[in-house]
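Two complexes, one shared chain (subunit A), two partners (subunit B, subunit C).
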Partner chain A sequence: MAVMVDTNITSNSSLSRAREAPSGNVSDALVRFRHRWIPTHIVGELLSKSWIDNIVPAVILALIVIIFGSIVPNFFLPANVSDGTRQIGEFGFVVIGMMIVVVGGGIDLSVGSNFALGNLLALALTNMYDMPVAVVFIAVVATCSFIGLINGVLVGVFKLRAFLTTLVMLIGLRALVDSLLLVYALDISAGFYDNAIWDFAGAGDVFGIPISFVLFVVAAILMHIVISRTRLGWHIMAVGGSRRSAHNAGIAVRWTVCLTYVLSGAFCGISAFFYAARLGNGGSYPGVGLEVFALTAVIVGGISLGGGRGSVAKAVIGAMIVQIINLGVVQLGLQSGAGQLVLGLILLAAIGFDVRWVKNRDKILSRVYMSPTYFALPASPVTEAGSGSPFAANDRLGKVEVHGLGQLDGPEDVIFDSAGNLYCGDRLGNIMRLEGPDYKDASVFTHIGGHPLGMAIDREDNIVVCVGGMGLYRVRQDASVEKLTDETNRSLFSIIDDSRLRLTDDCDIAPDGRVFFSEATTRFDMASWPSDALESRPSGRIVCYDPNKKTTRTVARNLTFPNGITLSHNAQSILFAESWACRISRYWFEGPKAGTIEHVIENLPGYPDNINRASDGSYWLALMGMRSPALDLALRMPGFRRRMSQEVSIDEWLYPNINTGCILRFNEKGDVLESLWDKTGANHPMITSMREHKGRLYIGGIFNNRIGSVALDGADKNWTGPSSYWGRT
Partner chain B sequence: MSGFLKNVNQEKVVFLLFIVIFILFSVLLPGFLNANNLVLLMQGVSVLGILGAGMCVVVIGRGIDLSMVATMAISVAWALQLNGEGMSLPLALAIGVGVALFVGLANGLLIAYAEIPPLFATLATSACVYGFGRFFLIHTDLVYVTPGVGMLVELGQGRVLSIPMPVIVFAAIAAIVGAILHFTKFGRFTYAVGDNYGTARVTGISVRHVLVGQYVLTSLVAFVAGLTQAMAISSMNTRISDTLLIYDVILVVVLGGVGLSGGRGGIRNVVVGTLLIGTFLNGMTIMDVQYTMQNAIKAAILLAAIMIDTIINPRDEQTSQHGDI
Partner chain C sequence: MSGLLARLFSRREAATVPSMDGVLRPNTLLDQASPLVALPEPDNLVQFGSNLAFSSGNDVLVLVPDSPAGSPPELFRRFESRVTALAVSSQSVLAVGLDGKGIGLIGGAYDGLALDQIGGVPAKGPTALAFADADTLIVCIGSAQNGPDEWQRDLMEMRATGSVWKVDLRSKAATMLASGLAFPNGVLIRGNRVVVSESWRHRLLGLDLAAVKAVPDIILEDLPGYPGRLSEGRDGGAWLAVFAPRSQLIEFALRERAYCLRMLREIPKEYWIAPTLRSGRSFREPMQGGAVRVHGIYKPWAPTRSYGLAVQLDTDLLPVRSFHSRADGSRHGIVSICEWQDRVVFASRGDDLLCTLPLDPHSPRDAAR
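And now, the complex of A and B:
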């Protein structure tokens, strides 16, 4: 699980020592093997998916089928299966309607009576008035929808209590149906309706599958799209999830709620139509207790009462569970009471489990999501002062000049435009500007909203900036802000949806305008970077935004916290820092090695951050923090880190120190030429970025309240970033 | 009068409605306003009233108990059956009480400890109790009262000072429940828990025990209601749990003004609700209105009550709680 791209990897670092396995004993090899080949982090990713909730009802369904299949004789007989699916279809419509209401934060108890009314109406129109089937269907669905509308107006618009109001509707409608039956029962049973379509609706098959079930599946798919993919569905979910928030967000809460009841009524009507076509039974029993069954199905399917959580899939599974139990009990010929006992017990078990699941899901997730992996670094290079090592500590940053002290809050990166103005981001979501030549005072240039991280200047002197948690943005010289991209292509086999950009970190621009930018991790959000450091799992990537084609494509994946990016001086490759891997790599996007990655520097003594061009053809590199032997050791002990993440509060974790760092300069081959430190620890110990500008080096740090600058001896006094990139002064 | 209007609430509205209807019926319906009929009126709704008195405890505690009717049917039917098979009456009754106690305890534990919403916990236990009772315990739908019950039959059919016993039982249960709600620590805590569960909890009330207590109390009241009913009509039909009776009980409670959102109302509201329903049913019967029509009218009254409640205490989008249905 080291660097893994679809290409070969070469290492040409002068610093890289022989990369032998540190302490090659057997248990170490086993740990390495286990973390290389057993992808346990998938468990956490699976648990973080919203559809994982379906597992529970699906397992219950499978168990029910197995149990009833084994104890009920002829359970799988084609005739039985056909009859069962037909009834599941009819029942399923009601359950979908109930689901919509429940997800919207309500409850519809009136379905039982509404169903009976629809059934009666269908029989009356066919047997007594000989209406065409289409008219009957429309009339039934319209009538039931109208009942739903009454519910909806009362509950949604007038804000009556859903439970009581629909209960009243249940009682009142049942009374109405019973009264009507007294009058019309005889006429209905006396009439005879001979119609091929009607018979087909009641007993027909499509490729051997009952028509009502086929239509149920179609309706389920349609409603799934409506609920999960359309504005209406999102509004329903929002209202159910938090009525107050939905109201404050400007959603028409009342009418949304009203509509859920209308939909419930409509589905009731469809169900009643098929029921009437199948049985032609006008007795007083149709629909009695249906509300309880539908509610049971919804709850067993795992749809939370109170709203905001649920899906069509859950409703379908719930409907199947309840209907199979009902049919199974009937086929077993059990004495009265057994069906209710079984159903009651299953309802209790399902809802008990659901309550626990909802309550503890996040707890479980936070325990298992973090999945540290094995990562071994060679011993850290020497940084002692006077040791002669290129990393040797010194005090060259001890006398930095300080800019914008107290006016800045977290300038991760600093950059100059061609006019010589200095820009940096801040924690409040602003781009700050400091005007030359002394860069004393900072003023807000523009507001973006997220924390601006790495920046680059394009050919037109606009600032292209990576905003943590938001994506890639462009700030024009007139201070207007526009989004360039916030999503990339979804990886084919990833479990978590990695199409959204979560932690865009740094960017640079190729001569043709393509923007290469890094996303540090796809598994964690910006604030949880310590978790990613502790995991040391390569989950970051390099993404390319092409402004000409307006496309965003991931060009390299599985990188260990890719951070700083810079365009090489010959503009054929980009150099990028992989922070937790303590190395600098190069991605070729042009030339003979196009598409390959090679390591430039390995085994740095600290965690590399931004890289930028230097005036003499070399590169500046910021180390945001130095390695510690304890963490290096912990990286080889994934089990230890996992226990730590589970048992110790996050404040007490062992994670990279980023209080003290330094600046390095290295050349194209990866040789480190010099280092700049602040031994006093007072002026500028924390460094995430630096830019050379007209003979001085300007330094940013993500936890700092200032920008520092230091004069460079012998540097080109006329060199600026924009001139180096775009040939202008 | 201005004070009355200022503090208008559902209980007062319903009470006023009751007075109006009572006067109307007295004037318009011959035979309504005589002692005999009024006794009948009360007798007709006393079992409903007893159930309502039990239900109001859990409703005040922000819960609901849909298993009441099933509990009363199964516990009483089993006790009667055991008695009919020769078991001594006290033992049979003790077993009946035991069943009710067990169901109440189960409800309470499921709601307080497993944290299952009351609506569903009791919906499920209702199905379980009826299913278990019918499948394992009771052999027939209808269990008759046998002479073995002896004097107990007076509970349903006796009269004291020419007032039927069921009415007295209702009065007694109402008085007991009212006293518990008003004068005991448990009763006050029930209001606290119903008004705001979280606050009650951080105040130091052992909310879970209070919840369990509520459901046990409600179940016991259900047993008393069942016993009264069985003695009055000499049988217990277990099918009663399939009827809409449980909804009538909720109607009586809510109609009187016990808010389903908990913490509001008291036994007085249940009495008022019962009176109104009783008057209505009695008037309908005198007018010979069909049973189904009576149901429709009942539904209309309840709807009116809910609407008035909503107008007087409108739901506030900013303060309504999640899952409040």
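And now, the complex of A and C:
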């Protein structure tokens, strides 16, 4: 049974590492302390969230409540609060409508007049014609939507300027309303409409909360779901963000724009309905200046006038800010016009801030996201040729036989099925197949996408493959591809959404069919692995996919770039490599130590990648690159690495030296038995994987364009991977 | 507050280096040069009569004209320490700079003269020598702290303690022409002017032979590498050996004093983040992102700590032509250049080789056009 493993292992080992660190002076200890206990990487993760934009308007809202609450007498009086929230509800509908138009890249100045028309219509239908409330509601909303449709057709379909079109609509409708008022004002004010529902809409409460505000909250939640979770919402955002790109993506730009104006009109109608029910005001001032207030609310809420950026939450906050200022100014008894002045100033500040924020947010994010941590490795083991160390450099890979040269592009892992065919992934997202016995030519077996990395063969001879950027996939012998999983359970306290798998790296299969696979990092995408190397932060994890229950669970987290994974020979544990930590660990999933992690090899001279079984009961391990003293020192100086990431272009960064790799063999206890090197680097400068098959070792490299093979002295000539795992030959 | 912001957002400018462009546009001419002699650490090429003299470790060797290709050079003299600089006077007097010893003269009126002190301080290792006339020797002392072989340490310690001296051989009296220089590493006499390459400030300076100048002229600046030895060329031109490239990472490391000092203290020299005459020999050396081998190919434009660059200068000491061995090339660390017969000879100390190209029949000016 897979059990969740906590961070204890990692922290314990970092203590032990610190003790062994070669120069543990006082300033080193300070740096270590600061990087262990002050999690600065959270700043970057917070800034990367889209909701972080809401912080500023939310703070402004809180400030305004505090300021007006302290200077306006009776600000928090229940009657005042109730009246205020009722008005916020009405106003909020208009703001949501305006928000949708603005996010779609337009502007709707006609809301004020449209609102006045709706108000007039509602009063006429009730006071003069005594219509049922439902009919009134539908008629008002339909009429206002129709006005919106005219706007939408003109702006969206005929591509007229939004500003001018809706300005004309503002003036024209206002004139219409005024001339209608001349005729009907007397009749409206003379009539009387006695209806309980109508009164409830105007003054009713639900659990003490005004009905219009309740409905506003419901509408806000609904619209939030529409904008952020539905096709229509995404289309509106896409059109507002970039019309051309949206068009190229196949979105019907014109009708999407048109629809935003219809929605805006509809929300105007709803708002007007409640307003009419509350006040029954047949005068000429309802809705005057409403477009200015709505626009102010949208902008103060942080919604970009440029389109494509905004949310309902922002609109709600903006609406509350504007309405509270309006009411507060009235309650203060300031002269009319003072409210507009205050709003104008706030609007100016908000626009200024919005411009700066949009311009600088990504810059700040790119500066602060990378957050290297303190990481001390003991001095590297000796690798000099002839030193007698098991790591001593040699040229045993100097005379490899080369397979598929120039036909392959990035074979990170290599594997054999039980028929003896050789498979590997490539950078283009293909699974390549080389047929035995000489494995001369490669052909495309199937296409998945992403970059297929680590592979395993299951009991039915299918290939289970980790695809970088996509997830865990299975390729059947008939070359059909199916997705096994691409998400796991979201961590409770993780700020970034870690449910989606970003960099699945290597996998292996337990006898019961469970697939254990590594995700190297949850903080970066595959192409940004150098950033993760520079951070050396434990942000990777091991995930288990259970094909019987079809579940995916994270079984161990806070690992430092977990990379290669292999099932131990007794099938009770998995061995995995933590690349930047230069160590091999073991995760027990069965037996008495189930659920625990122990370290098998620490302080390797290079960065371990894939691990695979060897025929004699030991394991092969690829070192993709070697440690350099300059980088080892930099790992103890996080500030150096952070500034380097900011001041030096990425091609000039200090990298792990991945131009020289080697292959090691180690036993169950973690003793390194031998090493194989390509001294000149002619064929295998960097090695990410190797697989033993019938007495030969086959070698892959993620930046290479070939697979190499070399004969192994004294190896079992009949041993194959599938026979070792599944007992088949 | 601004300090805090600066720390938080790192308001320091990005580490940048001038690009190799215009006359300095990369080519592979040095890699096309034909090998002349392969031997360890060749340096200090000078024309010695009709012969070509140069140093290799403690030895001074000579090549005679028209000797068959591949024939080994003759040993001229072996010294007890490494030869750091050579110069030949119009009377064929050879001045030899010796590491840790001083300067010795061979031949002519001053045969056997030894200068172990200059201006009252021990002349530990001159980086460059030149005769202003038969009796006057110009001496560059790269650094007061570090000898010529410790040039990487001198750079990473950001020293500027080099000096240029005029020594009257008759009286052994020395006059300081300039001090506080960041590793003067090459010298050329131009009439009344002494041209000095100041390595760590990537520029060529003009000093006055007759008087001590408070502020030297800047002849050439913002070079993309570290300028070293200067030598005479045909038609009043000159040659400049740029022995190592500048790089963003090294410029950045130089700013990071805490890192730099720990690196000098804790890490062996060959693994420093520092320019070098030859890089990529060991997997323990620092590697940069762009240098990752892809499909087995090491990119010529990869960031590198060593490079081969020789620059031909015109009579005004402006670059007219350049000869390169790029990151993937095999003629790195050009420390010395000399015209000899109808050829130009380059000493690639990084790759232990003398190589040669025929001189362009046109003058440098014409070649530029």
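To be clear about the criterion, the second predicted complex is superposed on the first by the 703 of 729 C-alpha atoms of A that agree within 3 Å, B and C clash if a C-alpha of one lies under 4 Å from a C-alpha of the other, contacts with A are read in each partner's own complex, and residues count from 1 in each chain.
In the analysis below, contacts are C-beta pairs under 8 Å (C-beta built on N, C-alpha and C of every residue); 3 or more make two chains touch, one makes a residue touch a chain.
Small disclaimer: the values here were computed from a predicted structure and weren't measured.
Once the two complexes are overlaid on the shared chain, A:S649 sits against subunit C while remaining clear of subunit B. Legend: residue contacts after superposition of the two complexes on their common chain; A:L631 is shown touching subunit C, with no touch to subunit B. In the superposition on chain A, contact of A:I236 is made with neither subunit B nor subunit C.
When both complexes are overlaid on chain A, the residue A:I107 reaches subunit B alone and has no touch with subunit C.
Of the two partner chains placed around the shared chain by superposition, neither subunit B nor subunit C is touched by A:C582.
By the touch criterion stated above, A:L295 is placed in contact with subunit B alone, subunit C being left untouched. In the superposition on chain A, contact of A:L341 is made with subunit B only, not with subunit C.
By the touch criterion defined above, A:N704 reaches subunit C but does not reach subunit B. Residues 8-10, 12-15, 247-249, 252, 256, 258-259, 262-263, 266-268, 271-273, 280, 283-296, 298, 303 of subunit C are the ones touching subunit A in the complex.
Per the touch definition, subunit A reaches subunit C in the complex via residues 22-23, 364, 367-368, 380, 383, 409, 530, 625-631, 633-634, 637, 640, 642-644, 646-660, 681-683, 685-686, 703-706. Every residue of subunit B that touches subunit A in the complex is listed here, in rising order: 110, 114-117, 119-121, 123-135, 141, 242, 244, 247, 250, 254, 260, 290, 292-296, 298-300, 302-303, 306-307, 310, 314-315, 317-318, 320, 322-323, 325. Subunit A meets subunit B in the complex at residues 105-107, 154, 158-165, 167-172, 174-176, 178-179, 182, 242-244, 247, 253, 288-289, 292, 295-296, 299, 305-307, 334-345, 347-348, 351-352, 355-356, 359.
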